[in-house]
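Each chain carries a letter (A, B and C) given by its place in the written order, and its residues are counted from 1.
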Amino acid sequence: MKTLVSVENLKMYFPVTKGLFIKRRVGTVRAVDDVSFTVEKGEILGLVGESGCGKSTTGRAILQLYRPTAGRVVFNGTELTRLKPKALVPFRRHFQIIFQDPYASLNPRMTVGSIVAEPLVTHERALRRRAREDRVKEILSLVGLSPRMIRRYPHEFSGGQRQRIGIARALALHPEFVVADEPVSALDVSVQAQILNLMMELREKLSLTILFIAHDLSVVKHMSDRVAVMYLGKIVEIAPFKALYASPRHPYTEALLSSVPIPDPRVEKSRDRVVLKGDVPSPLNPPSGCHFHTRCPIAEERCRIEAPALVQIGGSGTGHFAACHFAAE
Amino acid sequence: MAEVGDVILSVCDLRTHFRGEEGIVKAVDGVSFDLRRGGVLGIVGESGSGKSVTNLSILRLIPDPPGRIVGGEILFHRQNLLSVTDAEMRKVRGNRISMIFQDPMTSLNPYLTVGRQLTEVLEEHFAASPADARRQSIDMLARVGIPEPENRIDQYPHQFSGGMRQRVMIAMALLCKPEILIADEPTTAVDVTIQAQILDLIGSLRRDLGTAVILVTHDLGVVAGMADEILVMYAGRVVERGTADDIFHRPSHPYTLGLLRSIPRLDTSESRLVPIRGTPPDLARLDAGCPFRPRCDFAEARCSESYPPTRTVGAATHEAACFVDPATAPTTTPRAEVEP
Amino acid sequence: MNARVTNGKPIVDNFDEIHGTSLWADAWRRLRKHKLAVAGGAFLGFVVVFCFLGPMVVGWVWGYTYESQNLAYGAQPPSFAHWFGTDFLGRDLMVRVMHGGRISLMVGVVATIVSLFIGVTYGAISGFAGGVTDNIMMRVVDVLYTLPYMFIVILLVVIFGRSIFMVFVGIGGVLWLTMARLVRGQVLSLKHRDYVEAARAIGVPNLTIIFRHLVPNAMGPIIVLSTLTIPSVMLQEAFLSFLGLGVQPPASSWGLLVAEGAQSMVFYPWLLVFPAAFLALTLLSLNFLGDGLRDALDPKTRKD
């Protein structure tokens, strides 16, 4: 397999400022703090974590919607982090994003046709109006919408249909890489499966590589080949899903897995649940050493001082990495 | 676990309608259920299924206009809450029946300290002395798992994280030791690890205090481990009811079956999900037939003629409102993928 | 159905396209339900026709213009020949009200359009750019705000002489400040919406983002503010004319006519009543229309 996206030591810090005229910097939110991973061509990499863990920021920093504070993002051999905004534009057609909220992600004043056509207008200027419209119709049918809807407005569609429109816009230029930022968490339960199935189908048809960001592990499990778990701006564990589920090596992953309710009363009754104490600390002032030590059931003195590195578990080639001092045990 | 006791709340044929721009919206249309002391009733449904309106109706919190409870009875200890005066209702609300909402920020006053809001409840309902109210409030905050309650009681809501705010809400709801706690999507706005904490908390309160709980959610996983009885709602009606085992292991309404097949599960591996096609209906445009039929794999001609009667499945506690039993009936429609 | 025909062949595909209702169409439907706004709009339509076509009709029927004097018929009360009566110089008041209305309406509309263009562009760029640029641009607005604008107008008139052009410059130069602030605020709240982010992910140029995604979505409040700006401009023009700083005779405006009429309101009340009634009713209508537009365009009343 070939690496399509490689993220190296990515850091995304946001300054917290005070003052009206002269802004003083009073702190830094380390939304993404030294994250490295790769996305292989053709795979779906799941990125899970709770709100505020930096998973969305990571996705957006890869797409250069935020310019990272430090680190490199290499896409297909090109170092995106070194390109100037103007130079970046032609590359944008190769990586796109699908948003969480289907109500906020479509411009309410534009017709569905012009929303989906926007990438074509921007990147394929030679395309005539007629040809462009044909392309739009083709994409709409690809995502399961009738091409007859081209002159309608977003507010006339249901949540699931709007999400299809968002997907159509992202795929209009046949990108290689798509960041799907919680694409189903705002949808009704009965509609979520439609969108998940659609994404799976499109992945096959268009040989997409996807970074699938979600907080719901069951959804991530269904979609992803590999899963990366984030906590407070860092990746704590990354592994093929089967290995992660069967033997989580980071206590946070374990807690996360056991917190997910399973829709089966018999299974639920017999489960042992690891219920974490306390809340996620603020990324403005993360704990010293291992960020997780304040909530960790197995933390020791060492964890408060020394931050664990992400190391491969069980020999090379397993692809199972965890950042815990006790991961090997 | 505390014994599940006698019926304390009985809702009969509740109907709540809203006057909308496009006609009457029957948000709740004939919902009935019993809640027993110490029991947990789960109400599952999607947005627009009427699950939240049902609970707001119980507390008579429906904004009128445009909403109106047009029929039914809500018997709380055999007294019909729909016929008591507003003053009497205020004594019940927040005191004997409490509610917690999805978004704690909307129900906490940002300009008052958490302590002020808690003690106010006690001083109002029980005429407790300020010192006594404060002590009880601190106890309750400790009980819902807020660290250092003596200090945090003097903080403002924005100084609490989302999960902590939800706990404060629960503390507030439980201060008067209500007989019934209505939890409307209590974990939708919080993360899974916090969700586990809050569900744990609700479970232990029910065990220790014998509080009956109505747990409203769209997440089947949440009710699976918590509820004794589950109602599945669709388009303002209860389409299936039964014990958790009935619902999850012998789903008897095509909608319930569809829901179960369309959600990915962490512990099993399904290669492909089977979605329910189409989208939830527009409540202003319902006809006499079954509102689920355009999305149903088992729809027959009679489904468009009248609403199907409730049918008992196996045990007497298990009912479904459908002409057919999806466990045995053949599917009638080929699965079409393209939406209209 | 919009079957288009190219090279003689109808394109069958387009037969079935379903046209949606845009939010504008939706707002229009709601506006029509607002009785006061409809009444206001209807009256404004009448005033525009009255002022811009009226003088022609009068000239054609009775044969006089706003300048035609007939001293023998000075200060006549309303009659069949002169519906609104005449002034001291025997000029027909109705024609003078029509002409005055032209000026008043034009001052209102033109100054508002000027403020619209400057304000929207300035505000949108400031809000979208953010950071230091935004800070500097907004401080400039703050400084201009602190200048007493009536003083500036008076100064302009004193330096450049009295002309209607100076009135435009004076009023328009100040009005855009409010518009710029409004638009900046809107843009700030809109620019982090996902659809803007989507456009950035696609690589849409910044100016296109501003005018395709941001400004159209801020249009509701912009339209409302404009509708409410027109009457305030008209009122200010009336005020300047009342002080003798605005329109110069023999040209006229409602403000000037009211000023003249006020001097003799005890003996010749019609000289005050007619122009004042037109001015007041027009201002009222614009306000009603603005209120109706606000209700119709407010996203909170929109059902999604």
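Going forward, contacts are C-beta pairs under 8 Å (C-beta built on N, C-alpha and C of every residue); 3 or more make two chains touch, one makes a residue touch a chain.
If you're wondering where the values come from, they're calculated on a predicted model, not measured in any experiment.
K.L.:
Assign the assembly's chain-to-chain touch graph to one of these shapes: line, ring, star, complete, other.
P.N.:
Here the contact pattern is a line, an open path with two ends.
K.L.:
Using C-alpha centroids, which chain lies at the maximum separation from chain B?
P.N.:
Result for max centroid distance from chain B is chain C.
K.L.:
Counting C-beta pairs in contact, which two chains come out on top?
P.N.:
By contact count, the leading interface is A-B.
K.L.:
Using the average of all C-alpha atoms in each chain as its centre, how far is it in Å between chain B and chain C?
P.N.:
Averaging C-alpha atoms per chain gives centres 52 Å apart.
K.L.:
List the centre-to-centre spacing of chain A and chain B in whole Å, with centres computed as mean CA coordinates.
P.N.:
Centre-to-centre distance between chain A and chain B: 31 Å.
K.L.:
So what's the Cα centroid distance for chain A and chain C, whole Å?
P.N.:
The computed centroid separation for chain A versus chain C comes out at 48 Å.
K.L.:
Pull out every residue in chain B that's touching 2 or more other chains.
P.N.:
none
K.L.:
If you look only at chain A, which of its residues touch chain C in the complex?
P.N.:
Those residues of chain A that touch chain C are 21, 60, 63, 65, 88-90, 92-93, 96-97, 99-101, 103-112, 118-119, 122-123, 137, 147-153, 155-156, 166, 169-170.
K.L.:
So in the complex, the part of chain A that touches chain B is made up of which residues?
P.N.:
50-51, 141, 144-146, 158-161, 188-194, 196-197, 200, 215-219, 221-222, 245, 255-269, 271, 273, 275-276, 278-280
K.L.:
Show me the residue ranges of chain C that touch chain A in the complex, using the header's touch definition.
P.N.:
Residue positions touching the partner: 13, 16-24, 135, 139, 193-195, 197-204, 212-213, 216-217, 219, 302, 304.
K.L.:
Given the complex with chain A, which residues does chain B contribute to the contact?
P.N.:
46-47, 147, 161-164, 191-197, 199-200, 218-222, 224-225, 244-245, 248-249, 255, 258-267, 270, 272-277, 279-280, 295, 337-340
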